[in-house]
Amino acid sequence: MRRSLVVVWLALLAALPFTTLVLPGLLPGPVNSPGSLQLLALCLVFAGFAVTYDLLFGHTGLLSFGHALYVAAGSYTVNIAVTRLHLGWPVALACAAAVGLVLPLALGAVALRVRGIAFAMVTLAFAQVGSILVLSARITGGEEGLSLVDIPAPVAGVANTANLYWLALAYLVVVVGVVHWSIRSEPGRVWRALGDNELRVTVLGLSPYRFRLLSYVLSAFLATAGGVVHLLLLGGSTPQITTSAFTVGLLVMTVLGGAGSRWGALLGGILYTYLDQRLAGLAGSTAVAGLPAALRLPLSQPQFLLGALFVLVVFFLPGGLAGLGRHLPGFAGLSRRWRRA
Amino acid sequence: MSTLVLLTLTGLGLGALYFLVASGLSLIFGLADVLNFAHGLFLAVGAYGTWWTGRHLPYPAAVGCGVAAGAVLAVLVELTMIRPLYGRPMRQVLVTVGLAAAGIALLSAVWGTDPVPVAKPRWAAGTTHLLGATVPNDRFLLIGAALAVLAALLLFLRRSRYGLVVRAGVEDRSMVTALGIDVRIAFTLVFAIGGAAAALAGGLAATYFGSITPGLGGTMLLFAFIVVVIGGMGSVIGSALAAALVGLVQQFANYYAAAGVGEASAVLLLAVVLLVRPGGLAGRPA
Amino acid sequence: MKELLVVEDLDVRIGGSHILQGVSFAVPASGVTALLGRNGAGKTTTLRAVLGLVPRTGSVRFAGTELTGLRTHRIVRQRIGYAPEDRGVFAGLTVAANLRLAERDRRPLYDLVYELFPELRTRAAQRAGTLSGGQQQMLALARALLNDNRMLLVDEPTKGLAPRVVTEVAAVLQRAAATVPTLLVEQNLAVVRRLTDRVVVLDQGRVVHTGSLPSSPDRLRTLLGVGA
């Protein structure tokens, strides 16, 4: 998409909390109502997560099953620091930043010593250990999670949902900006080359390991930052964000939108999160309740619809939704992949 | 001493479940290069199938129905979703991911996400005295079933023609086709075997845990992956040994350390093995 | 002489490399045809392309049947035997199991195979991975000869073998080729000369010479980059 178009979209998104537009069925209330803004903000945050995941998977070719660990690290670190240890917010944020750098550096250095399926399994293993730790330790609140106690004033309370929305938007903008910039940079081209032809990279005297590690740490750091935003948005941390199911959700978002394409992951993240949240509401609606069981039962489960949609996309549209853009003249820019080195 | 006996048998019982799930997974990955996330779904189908028919049929028949359901589902999945994507392993893996999510959601839709209590057959609810310990009989059920499946698999692999095809295909798939053998039939076969074994694990797990949820397959699947990696892809004996190891480590660590340490140890064991010997204990080198 | 295998415009791309660039040649219905060329010329790829083990465009007609639309196992069931470059024996299986797997016909030619390779009978229970290079080559050839094939594709059977073993392998090939037309990839010119006078020479994915094996060392050096 041309830069001017991007700016237009950004302006539109930023202006949403000011409109009282009503979209019946699509949103729970007028666009600027807290419920709708909360939903939209969640979509934006997950779009950001998906973009960080796409950097790793779609662009550098690393299939990770442990990305959730870093989101959880961001959320739980700040939460514990503020709620349990009563450190101030600045200190908590600094801790999160440190964790967001050191943790992926340590884990990635180990995991990246193997490739392919082995790498996927190792990342799964690390995330699983994290999940177990969160579930069993008392400081994390265990199975019930941990509510955030000291929410900063600007984003506290229902009246300030718009500020949370803008925070989520800002996060997405930063993630997209950083990821797009890094992909265009020198290391970015090496990442792309690693996916295609590792031998060429080695022959050039570059170390694939170092570049992969760089991609891994950058992607994880951005995810950790998003974890903090997620914490604020939800007002707490739950163990659900440590699970491999969470990471698989990010994988689905990325592939749905189009892995490795410029805007695919973003679109996939928004669409998936929206459907996941709204379809759950649809299940309880009177329209669905009246259907015969054979239809009602599958429709009452968002994960069924999303899983089925995902299977269809993998089968018939491997380039994801962004790949559709190739067939629609106005949206051709969406499917454009990154230019090769 | 009696604690030791109980822990060992419980650990082996758990290992038996892991082996049942892992054996099929290992063959599927070793032969067809498919990382089958839908394996947990086969397990869940087996569990619910066993429970549902178990309300009307005697226990062995109910388990048989569950196993049949798992096998049939696995064959359908292979024919309609995996085979068309032959040669594109990443898409095959993704398809199994989507299928698992959709399938488990469907089970939740029909039977809810709350645990469904499952009645134990009377003899499985009883206990036996062994070396001073009182051991619940269901442990022996699990171990016995796993040993039987292990024997059957080895017999199949060593003695039958298709077993030979599978063993050769795990080593070098394209050479098998160059000998004039349609290796795709072997793919469907290992899916059927894997589906049946996983469904058996589901049926037995229903008895062992006393209740089932649609997500039962998910936790089991993770440990099955661990077992497959440690034991080596494509090796049934490797899976058996690794399953016993993981089950025992988990039981003992959970008891002597703290709850959760067992699972964490198993997972760390996976990471260590992958880093030191990516091919696993008995499988192909890297 | 009738042509058994007709290859036309065979084109193969793998990765970014254009390995075969429109290869055309024919294999007659008797005797040995040698496929020669430097390393990387595309000889192995040609055999694999005939069998459909790599994606290819072009035409491959075997006894009148077009092979390019068929899967590999169906192509092989047209009664084509194959001994690949890396031997392709299944290391974890015994010698007997390797042979059993290769059986295609109702009456496999075990008598012939054990006559040519008596060691395979004595080592039947031995794991193929523990055989020596020469023994593995014998096993690979045995698998190809076990069935009543209409054509054999043999890829560098003497590679890496001791001179005495090379002679044995050449003798076996000579005997086999008496009844079954063979397309042989081989770098050892002495072996080639012993078996045939008909060659197809590849260079960088193209056919550069068909016909008799040239006798002049200069010509050979130009074609193959080596002396006689």
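Should a chain be cited, it is by its letter among A, B and C, assigned in written order, with residues numbered from 1 in that chain.
Heads up, the rule we're going with is that a contact is a pair of C-beta atoms (placed from the backbone, for glycine too) under 8 Å apart; a residue touches a chain by one contact, two chains touch by 3 or more.
Only a predicted model underlies this, so the values are computations on that prediction, with no experimental measurement involved.
**Q** Comparing chain centres built from Cα atoms against the global Cα centre, which chain wins on proximity?
**A** Measuring from the global C-alpha mean, the nearest chain centre belongs to B.
**Q** Of all chains present, which has the mean Cα position farthest from that of chain B?
**A** Comparing chain centres, C lies farthest from chain B.
**Q** Per the centroid of Cα atoms for each chain, what is the distance between chain B and chain C, given in Å?
**A** 42
**Q** I'd like to verify one number: the distance from the centre of chain A to the centre of chain C, where each centre is the average of its C-alpha atoms, in whole angstrom.
**A** For chain A versus chain C, the centre distance works out to 53 Å.
**Q** So the centre of each chain is just the mean of its C-alpha atoms; given that, what is the distance between chain A and chain B in Å?
**A** Distance between chain centres: 31 Å.
**Q** Quick one: in the complex, what on chain B touches chain A?
**A** 35, 81, 84-85, 90-91, 94-95, 97-106, 108-110, 218, 222, 225-226, 229, 258-260, 263-264, 267-268, 270-271, 274-275, 278
**Q** Please output the residues of chain C touching chain B within their complex, sorted ascending.
**A** Of all residues in chain C, those touching chain B are 51, 53, 71-73, 76-77, 82, 84, 88, 90-93, 97, 100-102, 104, 143.
**Q** Give the list of chain B residues in touch with chain C in this complex.
**A** Its residues touching chain C are 161, 164-165, 167-168, 171-172, 174-183.
**Q** Where on chain A does chain B make contact in their complex?
**A** 63, 110-111, 113-114, 117-118, 120-122, 124-126, 128-129, 132-133, 135-136, 244-245, 248, 251-252, 255, 297-298, 300-308, 310-311, 314-315, 318
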